[in-house]
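Quick one: this structure, given as structure tokens, is what I'll be asking you about.
Going in written order, the chains are labelled A, B, C, D, E and F, and every chain counts its residues from 1.
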Amino acid sequence: MKYFLRLGFVLLVITTVASGILAYINSLTEPIIKENQRKAKEEARMEVLPEAVSFDSISYLNEEVIYAGKNNEGKLAGYTFVASLYGYSSDVKTMVGVTPDFKVNKIKIIEQTETPGLGANCTKPEFQSLFEGKNETVMLVDKDGGEIVSITGATITTRTIANSIRTGLKFLRKIEVQSEPEEIHREEVTE
Amino acid sequence: MELLAKIFAMAIAAIFVQNFVLARFLGLCPYIGVSKKLDSALGMGMAVIFVMTMASTFTWLIQTYLLVPLKIEFLQTIAFILTIASLVQLVEMIIQKTAPALYKALGVFLPLITTNCAVLGVAILNINEEYTFIFAILNGLFAGLGFTLVLILMAGIRERLERAELPRTMRGMPIAMIVAGCMALAFLGFSGLKF
Amino acid sequence: MSIILYSIATLGTLGVIYGIGLAFASKKFHVDIDPKIEQINEILPGVNCGACGYPGCSGYAEAVVKHGAEINKCAPGGDEVIANIAKIMGMEATSADKKIAVIHCQSGGANNTFFRYKYHGISTCKAAVLVSSGPNLCNYGCVFQNDCIAACQFDAIHLDENGMRIVDKNNCTGCGACIIACSRNLIELVSIKKRVHVLCTSHDKGAVSRKVCGNKTACIACSLCVKKCPVEAIEMQDNVAVIIYDKCINCGQCTDVCPTSAIFDPLKEVRAKKKAEAKAKAEAINKQPEEQKTTEILEDTK
Amino acid sequence: MGFKTFPGGVHPHDSKEYSKNKPVEILPLPIKVVIPLSQHIGALSKPIVKVGDEVLNGQKIAESSGFVSIPMHASISGKVTGIDKFNHPTGIISMAIEITGDEQDDRIELTDEINYLELPVDEMKNRISEAGICGMGGAGFPTHVKLSPAAEKPIDTIILNGVECEPYLTADYRIMMEQPDDIINGLKIFMKIINAKKGIIGIEANKPDAIKLMKNKLKKESDLEVIGLKLKYPQGAEKQLIYAATNRKVPNKGGLPMDVGVIVQNVGTAIAVYEAVRYKKPLIERVITVSGKIVRNPKNIKARIGTFFSDLLEFCDGTTEDIGKIISGGPMMGFAIPSLETPMTKGCSGLLLFNKKEGHKEDESVCLRCGRCVDVCPMDLVPSLIAHNVKHEDWILVEKFGVMDCMKCGSCSYVCPSHIKLIQWINIGKLKINELQKK
Amino acid sequence: MSVIKEFTKGIVKENPVFVMALGLCPVLAVSSSVENAIGMGAAATFVLVFSNIFISLIKGFIPRKIRIPSYIVVIASFVTIVDMVMEAYVPALHKNLGLFIPLIVVNCIILGRAEAFAGKNNLIRSILDGFGMGLGFTLALIVIASIREILGAGQFLGYNVLPATFKPMLVAILAPGAFLVMGLLMGLMNLKKK
Amino acid sequence: MSDVYAVSAAPHIKQNISVSSVMWQVVLALTPALLVGIFFFGIQSFLLTLYGVVAAIVTEALIQRLRKVPVTISDGSAVVTGILVAFNINSAAPWWLPVIGSVFAIAIGKQIFGGLGFNIFNPALLGRAFLVASWPTLMTAGWKSTTPVALFKSSINGLVNLPSNVPAVVTSATPLGVVKALRDTTQISSDMAETVMNNLTSMDTLQNLFWGNIGGVIGEVSAAALLLGAAYLAWKHIIEWRIPISYIATVFILTYIFGGINGLFSASIMLPFFHIFSGGLILGAFFMATDMVTSPVTKKGRIIFGMGCGILTVVIRLAGGYPEGVSYSILLMNITVPLIDRYTIPRIFGEVRK
């Protein structure tokens, strides 16, 4: 019995010490990590909607927040949302900036693990710029009759991105056109 | 029906499309180490299926009811590996005592599994993918099945290669890697599979 | 701060529970196993990586003890572990009385064999002797398809220029694999100290064996050696002389009397040289000019 | 006419044209014969003569040394000049009795039992046993043993094997053409002894006139039947013949025809049995085919047991080309032998001579895994895997894959594109497994 | 064994990847680019060195029965530290390596060295051993990653190194390429050994 | 001792067949398909094939030299591999594609395992899979036709008589590409999809498929030419019916059940024929799945193998990321061959059922 207690005790000491140290280090790194994540999203938002200086959350699309961005005059500068759909081999997440007239301002692929050299080419600026100024009616791959020229050998990825953005745009238009911008219940997002 | 379809899709993905070994690079040590004999491979495969399912279950519970409420998710790695290690050892001892026949067929492979990154991998993936309890368990099961499938196929091939006139330098590990590469090449055929 | 406390508490509790639980379980579910397995298991790194090809360290330990698995399979353990396992298994080589293989036939190549037929078929001795009793005229001699060479893992059997199989006594470990491989039962393990061997196993009558031996070194069962041996170490067994190694004293006298050189003595040259030297010395004392003769003798023995 | 057959098998060219239409000729008395003591499966016969003894043609010179053994008889009259090791037509070297003839050919006396079918069964069997008859279809199993099946295994059918599926050989064909009545009488004796209800004569499709002849002869016999069989090797193999004729499968792992109520005998054996039962004539001669492309005059010869092959060849006027290979028996299962100075035995149905080219060497290459051997194996084995495992000495698998069920028909080796000597490997495997099983 | 050898053996003679074939998962998984390889190598080396230090320090206090669990806890702690620190300071790399950082815990090299070496040797030797092994691991990773990145993307560390006419051999950075490159390299090592 | 004769184990006669005769007959049987390829795609397809063959032979000789084993390029197996690699490449491919494919096929697919007889995977298909994974765009795009005469009332593309209002999405280059495009896009009405499907299964399309007037890789286009070669091989007993028949039958049945666009059994009876004659199925079933080295030796095993290929082909064609699944299905089944062989050892003649 004593032997068992000793075993238990040693393990206890080790785990205690370990967890103590870890908790301490965690307390140091966690804020940085959180801040990183927030910054990353915010930077992405800023990037796709550079005119905006502040963002208000207005709704949710697939559990991701849709923001309305205001420019420095406090006027609506546009919206941002994260479009997401399963592509060739992964979920492709795109930060989309939308102008107030529901055209794409800019997009940024923020998460994907498509095939390097094929689907992964979607992160290239040349490709992302294809989407600028398009609305949901032409937000289709060329092969589907739209205006998005697909990446060679990666039609699936292209189609995924286009479709996800199109869905988002439709949704956005629905909720925004229904309700007047002023009436929308807005709250500052604190994250 | 909806649920069944989802489970089916998950099974296909975990077993073929995102096979743990060939596409995700998890569990390679036993894949190379224990695939020399079909019998061993079968035993190992069964043990892995069992442990992966168990581990998925327990780690999910620990994560959801212990780490998350207490906000100590950073202890995930350490808690999971301790859980898996203890679980495996416990199961091993119990089987050894109560079912010697089963132990002979399966139990001897259990210790090897502790350091198999597929097990810890599936536990962490379950959390990352935010699976529900049932799906976490199923994911563990299917991932184990996928692992076992390629392990057994590999063992069959290696038993045949044992008697091939391989170039000397390629014997053993190198040819196993090459076969794995060819298998991965063939498994690319499953890529993009959707039902 | 609370997080630090929580984590310490959680992990500590987990640790204690797992630790004590396992300790209890190991008592409760204790199973007796071979102490050697335990010992080896202790020595092994315990990382259960599977590099050995066995299911974990304990699997390997069991394989070593029960199934004679090779002891050098543990990659993480390195040489140290190998040495330790060897110690536990009592594997230290005892070189006190090393036995090596002796091939009892001096034939064995196309150059020194008579044929009954041209053999077409699988190049193994086993297969060749199954076809019409083997291609060579002698029914007891080497069929030289090299099964022994293939069987030897230590590269200890080589061919000489006549195609005769020679055992390299340095490489031979006395494993006996070649004995099993030889379809003519020509190979025997003999203490390395015994140097004189009858290199023929033909049970044919003298006249026959003399005729069929391509190397002309068959034992013709003349029994001269039996009579000559000072310690009665040779017996005639069914038409062939057999040395009882326990008795043989390596004197080589049988070699001298054998009319067909069926008895082989590697020391013969050394002996002859010594003898010649002794003789030379003796004669040198008697007659100086005879010197040339001795050199001739020496050259003969080369 | 619907021909019956078995699954698997191969179609080598039958090459029977050389000797098919040559009536049996009788070989002049040889000066010397050598009678091996092992012409059959079972224990060696025990010599009962000494060197120097005078013997008569037909006199017993060696007696059977057990139940599964047979006596041997002198096939010429003369003097015993040696009891020593001699060449044997299976290629081995074994003990034999040499008799130098006195050119008198003095015979022992024979009887003539007109009502031989009325003889008691035991007497019939005794006569067969005393005549030293063993199977003449190749395997050489003592016939009296075959005719004494275990009581719990009733035999209802006797099959006479007139298939002669080996290429070149025509001995059985000739005797069927020339002695059909004797064969039928032999069959009746078999049926009488064993109390079988049905007798079948199986003949391959490439001998239509033999089938016709036999059919005519058997028109009135309701319990006797001729069955035509497809031209396919090894149609004459016992188990395959039984399957084709009766649709019964002899169990593997040492199962015997009697397990399915059948006994198979060669047509030559039937004649020998008839002669033994009726005339008490010992088995001292048989018909043998001497053939091959290079034989000047291929023939079917009735020759004394113990005659040297060299004498037979001389009777056929030698060869037109240099001999490359000598084969005793058929080309598929026969033995290549090192010397013509080899005596023929009771089981020798053929002597074939090949030229140097036909006897040339083909090296093994690696197995392509083409599966041809698997397709043709009449025993449904996987010869390539057996050979592969013999090579790697995995005896457990070798046995598991059924090496002991291989009848060495040679079909697999015949079709292998990689020239793998499958049978040779299988033979090694058989030997090893035998050895292991004994332990 | 000399102290220097303790350090160098891990690099070639007992290279954990090519010779011992341990810890293959991260090797194959992250070797599609040199950058990831270096990151992974650094992380693993860190864990190796520090867990070796700790284990060689506390080895006297650990009862045999709970040796392995204790070591695991030590290693897991360092892994978690690496994990957190990387996430905080090099988030991009952390994201690329993903799952394979926590999986360092079960990497046989680390547990193996802890058990086979640090558990038996003094502090200095353990440090050198850990460092040597870590370096060997990193170098192996870099070699594989270089081949894969150059062939598969025409790049090295993200810079184009091959002429534009070269059409990258995509397969090299896909899963099959990892196995094939690894197999061929191992074969090459065997060839050299003889 | 004057005459020394040859002695060997029985049998003493031997069927006139050898490895090289088998291989060269396969080469012969592949020639009609090559000729049709040249006819439709021009001399370029011949050159590509030549490059593939030469590369295969040179690689084989080089590696055998390095391995210090006898050089066996004359047995023709490398030639077969080279041809089949090139047959799996489209005629517009650059010259180095078949070369690299053949080098990989022989070096990694064959010699590394010990050469002829020991390889696990079909070398040519491994070469193709390697190329597809490495240069997917080159392997799947850009069919070019240089048909000298307009033999048939149709185009070299996937469709005949395409209604003008069909969106561009379905104008894929190969018939199976059209099927996959229909599956992938949401931008086409079900009526339209039906029209396209009907078009695919029309007699005209089927005829084109059969004769080879259609987009595809060099070797696969003409079912007729391939069947001619296959018939020769079958007549010579070089290939055996089990694998191709079970393969094709499985595809037939499964595509009939699952192939329709409106659920189970909605396909017309012509659809299975469309599936059989399009893509590489005929080439694969008769020339690649039958590669004896990489297929099971047992009879039952071969049927299982063929069915497995069939199932995988249909799965990939109807649900996979590629329009065509023949090559992957065969490769995937290659993996299972050792196990199939192991568990399908036939019951020995006379073996008693337990």
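Brief remarks follow.
Just so we're on the same page, a contact is a pair of C-beta atoms (placed from the backbone, for glycine too) under 8 Å apart; a residue touches a chain by one contact, two chains touch by 3 or more.
Here the structure is a predicted model, which is why all the values come from computation and not from measurement.
The minimum number of touch steps separating chain A from chain D is 2. Graph distance from chain B to chain C, where chains that touch are one step apart, equals 1. By count of C-beta pairs in contact, A-C exceeds the other of the chain pairs A-C and A-B.
Spacing of chain A relative to chain F, judged by their CA centroids, is 44 angstrom.
Once the centre of each chain is set as its mean CA position, chain D and chain E turn out to be 72 Å apart.
Shared interface positions of chain D, defined as residues touching 2 or more other chains, are 91, 335-339, 359, 361-362, 366, 421, 424, 427. Contacts with at least two other chains are made by residues 29, 32, 72, 74-75, 78, 82, 85-86, 114-115, 165, 167, 170, 175, 178, 181-182, 185, 188, 191-192 of chain B.
Residues of chain C in contact with two or more other chains: 3, 6-7, 10-11, 14-15, 18-19, 22-23, 26, 47, 49, 51, 116-118, 120-121, 127, 130-132. Across the whole structure, chains are in contact as follows: A-B, A-C, A-E, A-F, B-C, B-D, B-E, B-F, C-D, C-E, C-F, D-F, E-F.
Those residues of chain C lying in contact with chain D across their complex are 116-118, 120-122, 124, 126-127, 130-133, 139. On chain E, the positions that touch chain B within their shared complex are 21-26, 28-29, 68-69, 72-73, 76-77, 79-80, 83-84, 99, 102-103, 105-108, 111, 171, 174-180, 182-184, 186-188, 190-191, 194.
Those residues of chain F whose C-beta lies close enough to touch chain B in the complex are 67, 108-109, 111-115, 118, 120-121, 126, 129-130, 132-133, 312, 315-316, 319-322, 325, 327-329, 331-332, 334-339, 342. Per the touch definition, chain C reaches chain E in the complex via residues 15, 18-19, 22-23, 26, 42, 45-47, 49, 51, 75-78, 81. Residues 136-137, 140-141, 167-169, 181, 184-187, 321 of chain F are the ones that touch chain A when the two sit in their complex.
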